[in-house]
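Mind looking over this structure? Questions follow.
Chain nomenclature is as follows: A, B and C, assigned in order of appearance, with residue numbering initiated at 1 for each chain independently.
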C-alpha cells in the first residue's frame, strides 16, 4: 500500500551510505531525509533584496545567511555571519566581527565586501525588506574595516536595529556580478540562489513545489540530518491537515483551529499552538464616509460581538489594544472596548447618524475563510445598531489597491499584521504612522501626536523611556478607536513526531530554519 | 391547416402518453416540481429565517444533524437546512435565467443569420464558432471575476458562452424552413421579416429549442454551482449551493453535513432537470425513441 | 482529400486570430491594478509604475494587443506578472498534466463506455438497460467537484487505498522528462514501479473527469447499436446465415469508432477547459489550476495564454476528428 510504504520511508531508519544512484524506486529514498513542508502560499521570487512574504522568507532563510539570527522563545539575537559585535554608546555605530568559517556555496569566504555589497544592493533596489532600515541606513552607512570586520554608521538611532538584521540577507557578489544583466541581477536571482546557506535550490515548480537540497559542506555548526526539503503548496488547509495525518507532509503551516482540533490525538502528530505577534484587526476609514465620526466608531467598537469573533477564531485571544499581548512595551492595564450594547447606543446617539439607517461597506480578501466569517459577525453586530453591511469579497490586488486613497477605501478594512521582528516599532509604525497612509497596512489613520510619539520611540535608546512612549501610543490610539482590535490567533503548526529539534520562536514562526532539524 | 394541426395534436397526445409511461420522466417532473416549489416558497418557510439574514450564534456551531436542526449547523451556528432550502431559489433562478437569456439571444442571432444568409450569416456564424472554441468554464470564470461578485454578473458571465448553441440550432432550422411553401407565399403576400419569423417560422421550430432548453437547465445550474465553488459569484451572506460547498470543504470529514448537504442538493437538482429534459425530448422528438 | 484538409486548415486561422482578440479584450475590462500585485504588498508607487512600464500596461489597448499578437508569432506569449516567467514556459510545464488527465479520462470513458453501451443495446428495455440509463444520467448530473471530494473522503481518507492529491509522491524522483505525462515517461524509462505509482495518483481525478464522456458514449453506442440491429441489411445477412456475432461485430465496431470519434471531438475541448474543478480538488498542477490562479490574481497574460492554448488544441483536435471521419466516410468530403 503506497501510504504505508511512504510513511515507512519517511520514518525510515538510520541513513546508510549512499552508492551513486544505481537503483530507482523506493530503496534510494530510505537514505534521504527530505522534510516536506505544506503551505498554501507560493514563492514567486527568490531574490533576497526584492522578495517579501513569509513563503519567500522561508526559502531565503535557508538559502542565505544574515549577520545575526533570531531564535528561541522569548526570541533572542544570536550570531550567524557575525560572530561578535560592539555598539557605540549613542547607538549610532555598530561594528561586526565576521565568522572566519563562513563560506558561500562556491567555497569563497563571506567577507566584509560581501556584506557591504548586499546592503548596498538592498538600498539600491529599494524593494523587499528595505523598509525595515528606511531612514536608518543609507549608501554611505556600511563600510569595510578589513575583510573580517564591517562597520555600520546609522543615519538616525534605531533601537531594534539588531532585530531587523536577521531579514537582510547576504549574497555572493561574485555570482551576482557575473549574472548582473541589465537589472542588477534581479532576473537571475528570481529563480536561483547565490548564498551561503545550508541549502541550495534544486527544483522550482512555480505554483506547485520547491525543492531544496543540502549543500555539500555547510559551514554552520550543529546541523541536523536533513538532506533536503520540499515546500509543497497545498491551498486547502484541510489538504494540509490530511497530509500531516497520512504522513505525506512533516510540517503544516496554515492550519485553522478546526484543523488542529481534528488532529488532536492522532498518532504521529505533534501540535504546536503558541501565542505570537500576528494581529488581526478591522481598520475603519477614519477620513471618508460615516466612520470619520469618532462617536460612530466608538459605538461600533462597543457593539461588536467580540465573543463571536473569538468563537470563530478558535484558538486565539482577544487583542487588548493595537499591540500584541506580551510584546515589549505592551500596556496590560489598558482599558479596551468590549461588547456593551448600552454604551454602543449611547455613542450612536451622539454621532451624526443617531438612528443608524445607513449602509456601510466591508471588503475582505477572497479565499480567506476566517475573514469571511468575521465579516458575517460584523454584519450581525451592526444590525443591532440598525446599520446594514455590504460584504464584498475581492481579490488581493483590488483590496490593497483600494487603500490608496480614503475615497476608494471601504469603510471596514480587515487585515493581518505579522511582526517580522519582535519590537513594537514594527507593528506600531506599519499600522499607525501617517507616512504609511495609502498602503494596506494603514490606509487612513493619521494623527500628528501619534507620529511624534512613534518617531521619538524609534530613536530612544533607553528601555524604560521607550516603554513609557509606547504606553502613550496605545492610549492615544485606543481613545481614537480607529480599528476594531480583533484577535491574536495562536500560531498553529502541526508536525509529525519524527521531526526533531524543532523549537518554536514567536518571531516569524512560519519561517522555519531547516538546518538544525532532523527526521528520525 | 386543420389537417396538420390535428395531426400535431395527436402527436402531442401520443407524446404525453409515452411520457407518463416512462417512470424516470415522471420522477424527474415530480422532483422538478418540488424544486420549483422550494425555490418559490423557500425563504418563507425555512425554520430559521434569521439565519438567512446572517445572524450569528457561534455558541451553537457545528452541531450534527438532529431534531432541532435537520441538516445540522455550520461554522457560525446557522441552520444548514434553512441555508440549503433558501439556496434553491438562487441556484434554480440563476440556472433558468441563463438558459432563458441564452436561448433568447441565441434564437435572435440564429434567426437573423438563418433568414438573411449571405454575409450576415457568415459573420454571425464565425462569431458563434469563435465563442464556441473558447473554453466555456474559463470564459465564465474570467468574466465573472472581472465583473465582480453578484448574481447578475454571474448570470451574464455564464450566458456569454451559452447562447451560441441556440444560435447554431436555430440558424439551421430557419434555413430549412425558409424555403418552404408557406414562407415563400407569405413573403409574396408582403409579410414583414419580423412578423414572418415570429408568427410563422418560430412556432414551427419550437420543439428542438424547447428540448435543448430543458436539457440545458440542469447544466446551467451545475455551472452556477461550479463558479460558486471556485469562489466567484454571489456576495455573502447569500446562500448559494456551490459557495456553501466551497466554504465547508475543510469541514470534511468531521463536520461533514455542512458539505454533504449542499453538494447533494446540487446533484439532486441537476439530476431532476436532466430526467425531465430527457422526458421532454422523448415527448417532442420522436427520433429519439427508445 | 488534400483540398479538404487544406480548406479546413485555412479556416483555422481567422478563428484563432478572433480568439486572441476576444479573450484579450475581455481580460482588459478588468477593474483593479495587476501591476500592484506583482510589486508586492510593501511596494512604493514608483516600484508599481516601473512594473507597469515593464509590462507595457500604460500603453493604449490596441498597442498592447498588437505587441501581444506579433509576439505570439515569435513564440512570445507574454509574461505572467505573478510568476514572472514566460507564459509559454508555464504552459509547457502545466499542459502535460492536464493532457494526461484528459487522455486518461477519455480512455476510461471509451474502454468502459463501449461495452456498457453494447450491453444496454442488447438488453434493451430490460433491467441492465434501465440501470445503465439511470446511472449514466446520474453520472452526468453529479458535480465533478463534489464527486472529487467524496472520492477523497472515501478512498483516500477512510479506506486509504489511494493518495489524497497531487501527481507523484513528493520525496521520490519523477521519471526523466520525455513528454511530461508521468505514466508515459515512466514506461519509456522502463520504470514500472513509477508508472504504477503515477497511475494511483491519476486514478481518482481521471475517474471524476471521465463520467460525463462515459455517459455520453454509453448513450451513443446504445442508440447506434439499436439502429444497426434494426437495419435491413442486418436482417438480410442474418437470413443469409451469417452468424449474429459476426454481424454485430462488423457494424457495431464501425459505429463504435464513429461514436468514439464524435465524443472525442465534442468532449476534448470541453474536458481541457473543464479540468479546473477536479484540479482544484486534487491539487493537480495543470492548466486549469494555472488559469484559476491567474483569474483570481488578475494576471491577464496567462488567462489569454491558456484560453488560446485550449482553443487552438480544440480546433486542431476537431480538425483531426473531421479528417479521420472523412477518411472513413467519403461522403462527408464532398460537402
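Simple rule for what comes next: a residue touches a chain if its C-beta (ideal position, glycine included) is under 8 Å from a C-beta of that chain, and two chains touch if they have at least 3 such contacts.
Model, not experiment: these values are computed from the prediction.
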item	value
Taking each chain's C-alpha mean as its centre, the one farthest from chain B	A
Of A-B and B-C, pair with higher C-beta contact tally	B-C
Chain whose Cα centroid lies nearest the overall Cα centroid	C
Interchain centroid distance [CA atoms averaged], chain A/chain C, Å	39
Geometric centre distance via CA averages, chain C-chain B, whole Å	24
Length of the line joining the C-alpha centres of chain A and chain B, rounded to whole Å	46
Residues of chain C touching at least two other chains	31, 157, 296, 298
Per-residue overlap in chain A, given as positions that touch at least 2 other chains	236, 366-367, 394-395
Where chain B touches two or more other chains at once, by residue number	145, 148, 231, 249, 252
Chain C contact footprint on chain B (complex, rising order)	24, 126-127, 129-131, 133-139, 141-143, 145-146, 148, 218, 222, 225-226, 229-232, 242, 245, 249, 252-253, 256, 259, 263-264, 266-267, 270-271, 274-275, 278, 290
Complex contact set, residues of chain B against chain A	53-56, 58-59, 61, 75-76, 145, 148-149, 231, 235-237, 247, 249-252, 254-255
In the complex with chain B, residue positions of chain C that touch it	14-15, 18-19, 22-23, 26-27, 29-31, 124-125, 133-134, 137-138, 140-143, 145-146, 149-150, 152-153, 157-158, 269-270, 272-274, 276-277, 280, 288, 291-292, 295-296, 298, 303, 306-307, 310-311, 314-315
Parts of chain A lying in touch with chain B, wherever the complex brings them together	236-238, 241, 256, 258-259, 261-262, 305, 307-308, 311-312, 366-367, 369, 372-373, 375-377, 379-380, 383, 390-395
Residues on chain A engaged by chain C in the complex (per definition of touch)	1-3, 6, 9-10, 24-26, 29, 32, 34, 36, 42, 44-45, 51-53, 126-127, 131, 190-191, 205-209, 230, 232, 234-236, 239, 242-243, 246, 248-249, 366-367, 394-398, 400-401, 439-441
